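Below: one structure in structure tokens.
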Amino acid sequence: MTTHRLVCNVWHNILGTVPPALHVGDGDSVVTETLDAMGVDKDGVSRASGGNPMNGPIHVEGAAPGDRLLVEIVRMTPIRPMGWTRASLAANVVQPERVRDLPQSARTEWFIDIEAGTVSLAAPVAGLEHLVLPLDPMIGCFGVAPDRGQAFSTATSAENGGNMDYRGFGPGTKIWFPVFVPGALFFLGDCHAVQGDGEIVGTGVETAMEVEVRLSVVKGTKIVWPRAETDEAILTVGNARPLDQALQHATTEMFDWLTGEYGLSGVAASHLMGQVIRYQVGNVFDPAYTMVAKIEKRWLPPKA
Amino acid sequence: MTTHRLVCNVWHNILGTVPPALHVGDGDSVVTETLDAMGVDKDGVSRASGGNPMNGPIHVEGAAPGDRLLVEIVRMTPIRPMGWTRASLAANVVQPERVRDLPQSARTEWFIDIEAGTVSLAAPVAGLEHLVLPLDPMIGCFGVAPDRGQAFSTATSAENGGNMDYRGFGPGTKIWFPVFVPGALFFLGDCHAVQGDGEIVGTGVETAMEVEVRLSVVKGTKIVWPRAETDEAILTVGNARPLDQALQHATTEMFDWLTGEYGLSGVAASHLMGQVIRYQVGNVFDPAYTMVAKIEKRWLPPKA
Amino acid sequence: MTTHRLVCNVWHNILGTVPPALHVGDGDSVVTETLDAMGVDKDGVSRASGGNPMNGPIHVEGAAPGDRLLVEIVRMTPIRPMGWTRASLAANVVQPERVRDLPQSARTEWFIDIEAGTVSLAAPVAGLEHLVLPLDPMIGCFGVAPDRGQAFSTATSAENGGNMDYRGFGPGTKIWFPVFVPGALFFLGDCHAVQGDGEIVGTGVETAMEVEVRLSVVKGTKIVWPRAETDEAILTVGNARPLDQALQHATTEMFDWLTGEYGLSGVAASHLMGQVIRYQVGNVFDPAYTMVAKIEKRWLPPKA
Amino acid sequence: MTTHRLVCNVWHNILGTVPPALHVGDGDSVVTETLDAMGVDKDGVSRASGGNPMNGPIHVEGAAPGDRLLVEIVRMTPIRPMGWTRASLAANVVQPERVRDLPQSARTEWFIDIEAGTVSLAAPVAGLEHLVLPLDPMIGCFGVAPDRGQAFSTATSAENGGNMDYRGFGPGTKIWFPVFVPGALFFLGDCHAVQGDGEIVGTGVETAMEVEVRLSVVKGTKIVWPRAETDEAILTVGNARPLDQALQHATTEMFDWLTGEYGLSGVAASHLMGQVIRYQVGNVFDPAYTMVAKIEKRWLPPKA
């Protein structure tokens, strides 16, 4: 169990089969510094073109198509005292006329106070003088190379992960991605200091972070969509448009989890999901939307 | 401030302009016993045709088009020890083949223990022996008559409310509906002892309840979609298909609330919503889906 | 077989169960003058409020729930030399920024020359000096009262018809609507001199017309969605949002037609539809979109 | 102006930046034999894995990002007397229960008679004994490498083309694709002897063809979505889900064409499109759906 430091000089705006930046063993940890969504580093220097330049990919020894890659988010530390957001709701999440006269491309700066664990507007905004948000770091875009030699822009998401912008993907969360290529080829970047559901202004508070992840291979247990686990719950992810379709994917993956590893019948899984499922919305800004299905562990049966 | 008891002999499967079952004053309370979604009463007697037969409508003195009707859910008490659910996920929320061999129309019985405050399967289901859910009552279908003489089935929902199946519509919640006709004409029914997000088996735990609501008129302050408030948060509701459209309606109504009563600029509202909004999913089973946008009160500015 | 003249003094902005304006026998014809979509008559006098005020309803003797109402469009004669359109694409059918600076609510006048059978812009528009369109009259909004006492705005459409804005609903076309209430209660209005697919500016060339329809009852042969027939083809209609859902409804109704009256197996219907179906787009402007599925008669088997 | 013969030994199941199989000059023609959608050649030999293995890519001299690649479909000749279809409507285009008992994965054989120019079922199907369809060849999947190093499965489609399954893409049609990479990298395959709108059984009549295309570069005239032209009409293509979104893309591209090359104002383009546009449905089977917007040339102004 080694801890590697990944220092990037090139970044990728796709998730695909490109030469690995690092080879690690099964169960190794990686520490790396990410750029923000526009490619700016911790010192304010533009290092890569946006959007969402990725560190990686990381080749994980032993990972093969049909396996899962387990990504444990160990730690996320902001390494820049400033983040930024867009200053207007996206035109697709409201009646467009509501935002037609807002500055769609303007950026707003936010202070990130790591000591205090807070995020706040850098310049006062009338009515929001009180707004001091808890620092709640998350990875906006991460995942693995897709199958068949495909390569997807980091503006979107699919079965292999990508730009899901789900605020639950923070320290302490474990995520399993389906592995499609030898070594899995894991990418990450686009970290947010805080973000509401839906990423409805097109950004969270975008900043540079030092991230530590642990990468392990789970052999021979195919999944279709990403799965995740926190201390309290298990989660499944669907990425598609419209949001109905994303919800169907997430719900199907949860059904398969419950009827698979947890050994429930289809009727029992229906009973459980019907009365305790929770949905959370990831990105509704990008070409593919993200929906997360969640079941608290206290409702789960023992594993089969 | 009178408390009325509404005893129904006829029920409605629409929300529309039909003769009132009761006239009440502004600020009065109403206690009434609802049937379950299939029209069965507290004694197990079939009293009305399903689905979702409504008590009412209640004509509220002084309510006029352009006003809001405030509905405070004071109390919801199950009056039957049994509820029921469908035994299969709906075919539209998963890959249809997952549920093609499940008994789509079969019903499963649940015990409702009011003393203990619990809901549990009446007959054991393998793997769910541990499943004792907290009683968490909610109104599945309620609202007012729509505009222009329209009348909508209680299978669906729209600007006037209807079959939203949002689990947050329980005791302690206040809901404002737009008023479209003189007297507002308020309907309610379809109570659930508990329900997961999305009502993805097509039901919550359906039962008969005694419900107390307080009805008040807020003059001259037009809203487009239902709004709500709990101790912790303010909420807005969108009803449409696909879910993206419902999300847009809810987000637009929240934007209008923040830029209206809370006096925020469009940019300030975008900042606030972008970083703190939460979405919750109501019904994704019916012709119109329901999405709720939510902002915790601790993030709100003082009212303008 | 009588021909009635229906002269209206009241118009309806809903399709619902309201008192009939006329009773006719099975197989009778009705001649009536419609207002335009904004309620203006042939003389330019505003007679009713928009949008889409309906003549009717017409009670057809013998029609009962579970029957079909056959509507034959015998004749449509413009009775006003002027029509109008909106001057901008609707914001939902293009990238909204393309039309944000266009005059969304402005109206443009068009000449309707009945002798010549043409429709042309009343005032010259640069680049469109050559645009002389063939007069191609159609009914934008027609249908019957829906079931269960529901009533729907003439801005939308459903199983009972309504504002479908399909350019194929012109003279010579036969349409079957499902009957939901005694007498069927048939409504019509919102005639267009010409219209492109989708009604993407929110209007066709809106005008007043004299319309003759023949109304007949087909007993005991339930349909779910409207069906139609021209000299060349049979058609089915789906009304819903998103357009995918409308397409599914239309396709399902066509499948039911082919496996029902035409006696094809499911596999045979799949073969036929898969290789010869044509889709046409009705309204993509209103709350419910319209999709039409079409099969040319030359490909049909003899009726079973 | 050379005519090249492209003989493939490897095929691709993606459209992306892979080594060219052939370099041609601007304006050159290419003749090539395609495999069917499952990778079977003219002799019935399986040569590549499905679905939709592509011939190519072809590097066109001088093509650079920001240009258009003009593809003229000169000729399509079936080179196998047999084609095949799936035997059931896809579950997403009808109510799923309609097709749940049909043989979803079964294949049906069709005869292709090049002399007679007909396509017919190889084995008799009750009720379809009369079904002799005109041979109407089309390319199901073709396009260019997408931008930013992306690579998309031939199961789907995007701005760069791909699996659009539009029956209008046959001999005599010219298509312009946006160029994203040097040389454009043009791919083609998946030819159909005939196909209905929507490819609703998941296939047309799939077969091997000899195809001749002429490839030319149009410098410096960026487009977002594919455009096309036939003798009678100009067309634009949108690929997305839901179908509404595909329609918006196609409509936006047509608006841009009319206000660009044809010099119309936004209002004039709205007038023209509003009254004469036609929509046609490509694929509604794959992850991205295809909608085509069409305007007959007789309605176009002279080019600006």
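Order of writing sets the chain letters: A, B, C and D. Residues in each chain are counted from 1.
Simple rule for what comes next: contacts are C-beta pairs under 8 Å (C-beta built on N, C-alpha and C of every residue); 3 or more make two chains touch, one makes a residue touch a chain.
If you're wondering where the values come from, they're calculated on a predicted model, not measured in any experiment.
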item: Which of A-C and A-D has more C-beta pairs touching across its chains; value: A-D
item: Chain separated most widely from subunit B, comparing mean CA positions; value: D
item: For subunit C paired with subunit D, centre-to-centre distance based on mean C-alpha positions, whole Å; value: 33
item: Gap in Å, rounded to a whole number, between the CA centres of subunit C and subunit A; value: 47
item: Length of the line joining the C-alpha centres of subunit A and subunit D, rounded to whole Å; value: 35
item: Multi-partner residues of subunit D (each touching 2 or more other chains); value: 241-242
item: Residues of subunit C that touch subunit B when the two form their complex; value: 12-14, 16, 18, 148-153, 240-242, 245, 287
item: Subunit D - residues contacting subunit C, complex; value: 85-89, 92-95, 98-99, 101-103, 108, 119, 121, 125-128, 130-131, 133, 194-201, 203-205, 241-244, 247-248, 251-252, 255-256, 262-281, 284, 289, 299, 301
item: Residue numbers on subunit A that touch subunit C, as the complex places them; value: 91, 96-97, 100, 242
